[in-house]
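Paired with chain B in one complex and with chain C in the other, chain A is shared by the two complexes that follow.
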Partner chain A sequence: MTDTLTPPAPVAETEPAPFSSRITTNRYGLLLVAPVLVLTGLIVVYPVGYSLYMSLTSSNPITGSSRFVWFENYTQFFASADFWRSLVLTLVYVACVTVMGTIVALGSALLLREKFFGRRFLMAVIVLPWALSTYAAAVVWRYVYSPQFGFSAAVSEHLGAGATDFLTSATVIPALALVHAWQFAPLGTYFLLATLQMVPDDLYKLARVDGVGLLGRFRHITMPYVRLPLAIFLVLIGGQAATAFDLIYFLTSGGPGGASRTLPFLIYEETFQDQRLGSGAAMSWVLLLVIVVLTVSYYVFALRVGARKNKGEDE
Partner chain B sequence: MRIWGAYPDFVEAQTKAFSKTYGTDVDLGVIAGDYPSIVQNQLRQKQKLDLVYSLGHLPKAWGTAGYIHDYERFWAKEAAAQEMLPAVRDAVTIDGKLVGLPYFAFVNGALFANKQVLAKSGLDSWPTTYDELYAQVRKVKRSGASDTPYLPSFWGAPWYGIPFGFLQEAMNRKMPLFGADGVPEFDDSSGVADMLGQWRDLYSENLVPKGILTFQESDWIETFAAGGIAYSPQLQYDLKTFADPAKSKVAGQIVAVPQDGQNWGMLHIGMYLIGNRGQSDEELAQAYSLAEYFGYRDRKTKDFKVPIGWAAENNLTQGYAAVNNSPEVEAATRAWLPDADEQWPVLQDYMADPQYAKNLYQTNWALEWMSHASRELPRAVNGDASIKSTVRSLREKAEKLIEEYDK
Partner chain C sequence: MSSLRRSVLVHLGALVLAVWTLVPLVWLVLTSVKPSNEFASKPLRFLPTDFDFSNYPRLLGFDATSPSGTKLGPSAHSSLIVDGLINSAEVAVAVTIISLMVSVPASYALARLNLRWREMGLMAIVATRAIPPIATTIPFFALFSTLGLSGTRTGLVIAHLTIAVPLLVWIGTSFFASMPAGLEKMARIDGCSRFQAMTKIVIPAALPSITAMGVIAFLTSWNEFMFALIFNTGSDAQTFPSALASMFFQVSVPTEVAAATCLGLLPPLLLATVFQRFIRKVNFVGI
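And now, the complex of A and B:
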């Protein structure tokens, strides 16, 4: 008896291993994100790094002079009353916009959570200020504030107060902040409304049964839900207010007499009008620090309050 | 070609006509907002700007920085300069070189009066000095003919606002401002301090409209056109707007106050400048050709085609007597004037020998000083800063800039 032979195994047609299998996972991952990294490097890292370098130089494009001055730009404007005035104006502006914007956003969200005739229409209309360009908003509000032709002047005259100028040096910051809040609040309204719609109605009903008043229901039911989205909105609106330029430029051009010359406006004047690029860059870095500090403070405050609240509830 | 937003349709029509005649395409762009800053940065970046608008206080610095070409190689340089009004030629010539061709030339701060308000208040003589003007303004208010009888020369917020008003009134009053090389000749005890004191009084006595320190140019025009203002130093070219019943409630009532012993306002000049981006001779010749078409004569017909269009259609008077006194322009202007026979010579007199802030404008730092002044002067007017400290600040800024730029 002879041994039978095993037929030869068919030769599988082997395809070359895919490129992703031939390199390490890390390398493959790096390759995938490389375009984004390059782009980020070009449009974020390089300009930011260059602005830091610029802040340490003093140059005058007209005369062509340029020299490295270390921190001279910083020390110069820290010693300037104009800078501190602008910084204070910026902080006041941020505070006004944040407070006004939050009140309007939260108020509108609470209103829109209720069911009433015309609610859907109001929900659509309320977004209009946010949809407007800042320039258009500024034009509208120029006519609202104008003591000659303005809506507010007509109202105050009707009330016997005479035409009122809302853009005096004493009132210009709150007046600008109102416009900013008016334009930005709809975003907060939608943000908060989305969260409020998740709050079970039963909670409110039970609270009513337990005799909890309106403020109590807001504090103990609504606030825990909206705290985090509110913190995010505060960060957004605060950061936006701290860097606001276009609205101020269109409505007052920093006036009257520098009364609305916030830090972004001062940076604009320094950099683009006076062409002091080094000093403008240095101020931009200070503004960045201010925004970072404000943002972190908001989050720390919001999260601490939340944590304290949760701890209290657990106990 | 880059322009600010004045009559872009007119400019576009002219660029199309130029392209058709000379076979050169023109890329026209309108710059909105802070024109000098934006154009200055574009020129610095060597963007493709062959022809740009400019006011008189910019070309010196831009020339020093190498942002612009002069017109020294322009084939019609001598002929154009010869035909210019002397004050205009002086303004567009820097360090002995022709740097621009005129885009417009008129008086900024020409004193306009509303006859209706003056008649109501019983005034029958023209003021000949600012002191007389302010005295009349108070009389108008006392008479009840107007609550805010005076609209000052653009105290508003933008870059072209209150510094121009300051320069023009001080020059009209023959107060020393800037000497050779821009050296300041004023201090906190000189006439400009008294002048600012008068401005503050006008403001605090509510003789001027509320909100004036945040006016934009449109507010300035609309407020005067709405009526109720007795006197206002205005841009001469806005006379056409005030004469148009569709835009003005004071049509037929606005006249220019005659000059008698002193000027009202100062020369306001726009120029066509040529950007320097290292272009070839051929490209430079094309830019000269476009500038010639807009700022001088059409090379083919030898007519002042665009300049006469500007003056006759839009009352934007030009840097050439041959244009401003041409039959077309005279006929058009007379149609806008309520008392043409009386007013036409008054307007011609405004342009006969206008003052010009040459010693400031032809420094490398004029724009920066003007920006500083636009922030400081309103504070003197509304009392946020003392008048003396404001004047000191204006002087110190000029001294600091001289030191910095001369280093």
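And now, the complex of A and C:
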């Protein structure tokens, strides 16, 4: 190579290509994803499979021995009134959380769409409840609800009413649902607000000129826009509510008298207090089924309402 | 509706939203600084007559003086809370490091390589998030009892990885997918191998996003309650949430519990504030 005009040969061609460049893309990708796949397999797939097996066994808490009982666990709790009560409480709780969460999220998103003094401050602080861990939110509300030193007691005293306890059996489910909505609504507010800001203001003005009332404008302009983010929010908060444990543990521990013993809490008691692991595992499969049914029905509901709306607009 | 009436209504609504959001939090902080003889006074006061910050040093194991001049020793629960905070930090740091190590390459591959099974792989990883924690708690409890992992930090780290890794892969994939296409091609032209294109070019460019992933992993572990309660309550490896639960359900002074809760909220709030400009990029729809 005496001729200076000849460019030097690229190094890569004289040396063997590095390992990562020699293998096919699919293999290289598999190599990078492998740790996660192994980890997911070991720590998720295995426990789930094991839990399915456990749900078909009955173990003796004293000797630790277990025997295979097929579906005895399932038939046993299907026959117990406590289980059905818990299932109903779970559904009522999910319904309360969904309704309250939607009202708060949609209300605050519509409000934050307006211009007002302190809007930037409010935008920043509404995320705080969502940033808390759930157990901390539960402690926070324990201090709001406490009849001895709670904020609600202080307010009702100053209004001249006696201290009221919101965590009695009649009101405990809505009271818990309110805390849940307080914590998770900000997520929905952000979803909905991002969408609402895309709605052109002119649409509202035109509708007003045409004499469409407030409710009509909400139904025909706002709703079609927020349908999808609302559906996502409903699925998320519904799933959260169906598996809620931290809140119930700190605020009521399932009480009073089992009035707030939803399925996750019943599973906790069955498994870790009464040491019936098989039965607890079986119930957790029922809970999983409940969540799947809820998620699918929320999606179907949202999509059906959507389809009907779109059809109405075409006609 | 006249614009004045509308404006008044909007401001009223904003006031209601601010009160609804902030009052519970402010009440907890106020309770934590009320003198211990005053928090349940009749009638209840909204603001304390004296601000008493002594609960905070006392929970951390120091002596303190109350505003009335009384010398007070450390709180009876101080070792519970301090050990809990330290254990929580150790577990959360381990979870952050391990979950970043496995999920950064994986989300890079899922986002930027043209893989045949890309969609399926991502779905399989993300679908594990749908499993309710109580359903995985039971098999883990049985498994950990057999392996001697219950009541250890290692066990809790493993349990937290089941939540953190799928979450990080989901967020990370959307991060890497949003970076300009062709980064790798340029790196390859400059003589990088395929692996170096990732480690020397793409990952350094993605550092802000990876920081956000790290913060989210830390917070996920720090905030997790059920595994912490069931596996580690009463052991040396008890983390903050279960320490707080023990304190909460034992005989304890409510103002001290309030202060302990505030202490546990400080690390995540500090992290979230310091790194908020990174976190704001996260696509939260998947969470």
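Operating definition for what follows: the second predicted complex is superposed on the first by the 277 of 315 C-alpha atoms of A that agree within 3 Å, B and C clash if a C-alpha of one lies under 4 Å from a C-alpha of the other, contacts with A are read in each partner's own complex, and residues count from 1 in each chain.
To be clear about the criterion, a residue touches a chain if its C-beta (ideal position, glycine included) is under 8 Å from a C-beta of that chain, and two chains touch if they have at least 3 such contacts.
Given the structure is predicted, the values throughout are model-derived calculations rather than measurements.
Asker: So, on chain A, is it clash or fit between chain B and chain C?
Answerer: After superposition on chain A, chain B vs chain C: clash.
Asker: Answer with first, second, both or neither: which of chain B and chain C does A:Phe272 touch in the superposed model?
Answerer: both
Asker: Of chain B and chain C, which one touches more residues of chain A?
Answerer: Ranking chain B and chain C by residues of chain A touched puts C first.
Asker: Name the contact category of A:Phe149: first (chain B only), second (chain C only), both, or neither.
Answerer: Touch status of A:Phe149: both partners.
Asker: Identify the partner contact of A:Ala109: answer first if only chain B is touched, second if only chain C is, both if each is, neither if none is.
Answerer: neither
Asker: In the superposed arrangement, does A:Leu234 touch chain B (first), chain C (second), both or neither?
Answerer: After superposing on A, A:Leu234 lies clear of both chain B and chain C.
Asker: I'd like to know which partner A:Leu251 touches here: chain B for first, chain C for second, both or neither.
Answerer: It touches chain B, and chain C stays clear.
Asker: Scan A:Asp165 for contacts with chain B and chain C and give back first, second, both or neither.
Answerer: A:Asp165 sits against chain B, while chain C stays out of touch.
Asker: According to the stated criteria, A:Leu187 is in contact with first (chain B), second (chain C), both, or neither; which is it?
Answerer: The answer is second: A:Leu187 touches chain C but not chain B.
Asker: Looking at A:Leu294, would you say it contacts chain B, chain C, both, or neither? Reply first, second, both or neither.
Answerer: Once the two structures are laid over each other on A, A:Leu294 reaches no partner at all.
Asker: Let me check the overlay on chain A: which residues of chain A are in contact with chain B and also with chain C?
Answerer: 142, 146, 148-149, 249, 272
Asker: Help me check something: in the complex, which residues belonging to chain A touch chain B?
Answerer: The touching residues are 60-65, 142, 145-149, 163-165, 167-169, 172, 249, 251-259, 261, 269, 272-275.
Asker: Once bound in the complex, which stretches of chain C touch chain A?
Answerer: 7, 10-11, 13-14, 17-18, 20-25, 27-28, 31, 39-40, 43-46, 101-103, 105-106, 108-110, 113-118, 121, 124-125, 128, 130-143, 158-159, 161-162, 165-166, 169, 188, 191, 193-196, 198, 222-226, 229-230, 241, 244-245, 248, 254, 257-258, 261, 264-265, 268-269, 272, 284-285, 287
Asker: Over in the complex, which chain B residues touch chain A? Could you list them?
Answerer: Interface residues on chain B, with respect to chain A: 33-34, 36-38, 40-41, 44, 61, 64-65, 156-159, 209-211, 213-214, 216, 219, 222-223, 226, 364-365, 367-368, 371, 375-379, 381-382, 384-385, 404-405, 407.
Asker: Considering the complex alone, what residue numbers of chain A touch chain C?
Answerer: Result: residues 10-12, 17-21, 25-26, 28-30, 32-33, 35-37, 39-40, 43-48, 50-51, 54, 104, 107-108, 111, 114, 116-119, 122, 125-126, 128-129, 131-136, 139-144, 146, 148-151, 153-154, 157-158, 182, 186-187, 190-191, 232, 236, 239, 242-243, 245-246, 249-250, 264, 267-268, 271-272, 277, 280-281, 284-285, 287-288, 291, 295 of chain A touch chain C.
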